[in-house]
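I'd like to ask you about the structure that follows.
When the chains are written out, they are named A, B, C and D in that same order, and each has its own residue count from 1.
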Amino acid sequence: MTLDTAWARAWLARAADQIGERSSELNELDRAIGDGDHGENMNRGFIAVRAALDEVAGGAAPSDVLRTAAMKLISSVGGAAGPLYGTAFLRASDAVSGHVELSASDVVDLTDAALRGIEERGHAAAGDKTMVDAWAAAVRTARGAVAAGDDAVRVLFAAAAGAEGGAASTDELLPHKGRASYLGERAVGHRDPGAVSTAIILKAAAEAAS
Amino acid sequence: MTLDTAWARAWLARAADQIGERSSELNELDRAIGDGDHGENMNRGFIAVRAALDEVAGGAAPSDVLRTAAMKLISSVGGAAGPLYGTAFLRASDAVSGHVELSASDVVDLTDAALRGIEERGHAAAGDKTMVDAWAAAVRTARGAVAAGDDAVRVLFAAAAGAEGGAASTDELLPHKGRASYLGERAVGHRDPGAVSTAIILKAAAEAAS
Amino acid sequence: MKKLMNDPRSFVAESLAGFARAHGDLVRVSTAPTYVVRSKLVPGKVGIVSGGGSGHEPLHAGFVGRGMLDAAVPGEVFTSPTPDPILAATRAVDQGSGVLYLVKNYTGDVLNFETAAEFAAAEGILVRTVVIDDDVAVQNSEFTAGRRGVAGTVLIEKIVGAAAERGDGIDELEALTRRLVASARSMGVAIGAPTVPHSGKQSFELGADEIEFGIGIHGERGRARAPMASADELADRVLEAVLHDLPREPGERVVVLVNGMGATPVAELYVVYRRVAERLDASGVRIARSLVGSYVTSLDMAGFSVTLLTVDDELLGLWDAPVHTAALSWGV
Amino acid sequence: MKKLMNDPRSFVAESLAGFARAHGDLVRVSTAPTYVVRSKLVPGKVGIVSGGGSGHEPLHAGFVGRGMLDAAVPGEVFTSPTPDPILAATRAVDQGSGVLYLVKNYTGDVLNFETAAEFAAAEGILVRTVVIDDDVAVQNSEFTAGRRGVAGTVLIEKIVGAAAERGDGIDELEALTRRLVASARSMGVAIGAPTVPHSGKQSFELGADEIEFGIGIHGERGRARAPMASADELADRVLEAVLHDLPREPGERVVVLVNGMGATPVAELYVVYRRVAERLDASGVRIARSLVGSYVTSLDMAGFSVTLLTVDDELLGLWDAPVHTAALSWGV
């Protein structure tokens, strides 16, 4: 399958499904080291995103779909994740603006732009035990796949696998940003909910392409 | 032993001991059908009574000891039991006013006066599931003992036994007075705490005489 | 359930000490005997005195001040005060115009205030007593101690206090209070039991999905155990019981109190008030004024009560009159 | 732990509906987008806007009114509101003199208010933002999200609101707020965990004799778990942490807030206040004013926090200035 507008719609619809199914898992993760609402917040946001997908004009580019998603996330998620994911999707949209079909390198640009947007907005870096760790790992593995000559869909799968690993890597990290940082040492051994939601979203992107 | 002033002091001192030892039992009974403080209240009161016993002038009559106890109970017990026991001891004191040594019939007069005082003050009758049931039974059995020709100490033991039975008889009664009456049917099967404290006090009176 | 306390036996005294320290501008707190008296008494004014067991804070000490009570007499937790402190408070507030006792209907409170009134009369102080019994959960018959005095007490203390501040004499005040008592009805629900300090045990055990319906304010169990229900269902059942018992004409105006029992956050009380207001609209009862908060509590019991007081223009004027106490303050 | 609610998803909306109904004289509540605005805005006055996740009632909606906030923007429970309602509230209160955002220091609140401020600026509305971070339980380092904004917020909102009512311009108000933030310190303890409506589970599990020391107001666990202790010990440890961190001169005057976390009865808070006052006397800190009650809560969490704010005569004048809101009212 090609990474066109149909794919972009399928991605977000699938992400909405997955976030919905796993929202209590995300709440539980957030209850351990945050305030227990990450699943609620993301689910609220993606329900809004799903509803908005129909509004996207026919003949739109993938970037238009991503921009619509960004706006909906900003206006409906709230909390820390809302502005962060909103910025991520806005920057991702800009990075592939107008492209009718995404190339392998577009996938890298998209994830990299999202990563930089989150880093700037949240003043967080990889290793701070946040969603940044998932995005950063995704970008790394995507780059590797491009270097290995993989096609766009393969690169997307690589990114998803990277995000999964990046999320897992947060278990042992000491938190430096977000609510978890209030707990310090007490947060070690727990996985960051935002990193997990990132892994869910990128996994949906890959599955939507296969 | 004769029922003189030394006996009256011994009675109240022993009652203070017994109430102290059994105050949590009284709290528990009150927790089931009242507000859980009867043991606290009675204990606070008898601690004050014990302290006041020394104040009673030498050469005083038993009635003086009972009057002092009444005043202390009124000023330190509070709740429903305070005024009721206060009145009971005041009337008991009047009933044997000045008698240096109590006769068998004095014991009946003393308990009967206490009973009437409580009935008037609390507008309660036997069968209402209150301390009245213990006092009323005590008066009945005491009268019986006098009729049987028992001496004062024996009559006192009869009164104590009667109070014990009267308290036990409250288990199956439907409450018509006091907090227990708010529970209606739900209070059936529970023993009235005030009836039990009455039994404790009369038991102490008898034991103090033997 | 844990408590912020030291020795349970000193709980009431230490809480009062903190209250005295926080509100030295409004009240003076006497210890031995224990009572709370308004710092600035009004010469010639009828004294308004209330009291009863502690554990219902802010009632009564929180309502001592301009336009409400002249003195409050707190007993031990859930235990009526003895006559001595009541008498001392009576002496402290008497201005020669008499003193009115507002007594919640519990055997202990009634008997101890009665005794205090006898002592005061013996000293030549004119004392009148009105017993408050607004709780519809208990049937008023000679087979009970009669209906309990619960949250309606705060509404009555506010209005009677305003009338006394206005300069009403003791006869008018007594008549006004009796009229208010006849116009106030309340009912409460517990979703969590309180813990009495000295026992450390909950007054009753509630299952995860159980509530007590028709509770009082002393941790006694209610009229019946019931399954937990939605806020709207609970509000409907409580309101229905109150409305059923409230003497009123069509289109009657009421003051509504949605009262928290001690451990219930105000956000939940507003959810209940929302429903109560909707139901009153539907039943053609007009809400003239409302109060939502924890005013007459039962230690750390969770739950709420609803009180309705029927009012006319005069009573509303007295309700709106300035009040300046620790727990109720407006117009000043 | 049970709650008085219907569908958890409608909890915030239903609670606000009840609040709107109870306080129609003070505020107007907008839904979609959700914000609470003062009913009578003052022409030409700088608008004071605050907000954040719900679950901290009466903060912030309970402080909208004369002499305090012009608008409050409540998000879902423990979730910062999105930019849209913040922007809508900003438009609603702007009188052409600018709008000051008072934001508690949480990533979500900071980012969403930041975004709203950008949108407002794009519309030509002058917006300033001051972030409140009074919680000494968290270290202020680049290894954390920084100190949290907790109960000190209510003291700051009161004083800044009074200055705005007085007619101060946005520059003075921003400077005043920064000065207040630098002068306020808080610390809290939980003896019982809160339950978030949508999860129905307690945010953390506490043993019968355990407490959480140094908690925030979102059900997050605290700095450390500790054994339950007497009210005096808890008060001493909390106060010590606050005093340790509070910039002050000898003989400094302070406003003291002993704040309940939602499920703690006021009688217990007074026990804590009593001790806090004694310790402050002993350490030569003068209590200029005090506030004891549940003002910045964490749903039905049990526990308390202590806030100290150092003040001078000007700040005390602003503190004493008239305020007329649902949860704080005096001088009117």
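Annotations
By our rule, contacts are C-beta pairs under 8 Å (C-beta built on N, C-alpha and C of every residue); 3 or more make two chains touch, one makes a residue touch a chain.
Remember, predicted model here, so these are calculated numbers, not experimental data.
Common neighbours of chain B and chain C under the contact definition above are absent. Counting hops only between chains that touch, chain A reaches chain C in a minimum of 2. The chain with its CA mean position farthest from that of chain D is B. Centre-to-centre separation between chain C and chain D, using Cα means, comes to 29 Å. Put simply, the C-alpha centre of chain A and that of chain D have 33 angstrom between them. Inter-chain spacing, taken between the CA centroids of chain A and chain B, is 77 Å.
Once the centre of each chain is set as its mean CA position, chain B and chain D turn out to be 55 Å apart. Not a single residue position of chain C touches two or more of the other chains. Looking at chain B, one finds that none of its residues touch two or more other chains. The touch graph of the protein chains shown is a line.
Counting only pairs that meet the touch rule, the chains in contact are A-D, B-C, C-D.
On chain D, the positions that touch chain C within their shared complex are 1-6, 11, 14-19, 21-22, 54-55, 57-58, 62, 191-192, 208-209, 211, 228, 230-232, 234, 262-275, 277, 290, 292, 294, 297, 299-300, 302-304, 329-332.
Residues 53, 75-84, 106-108, 111-112, 114-115, 137-138, 142-145, 148, 196, 198-199, 201, 203, 216, 218-221, 223 of chain C are the ones that touch chain B when the two sit in their complex.
Those residues of chain A whose C-beta lies close enough to touch chain D in the complex are 24, 27, 31, 33-37, 40-41, 44, 74-84, 86, 121-122, 174, 176-179, 181-184, 186.
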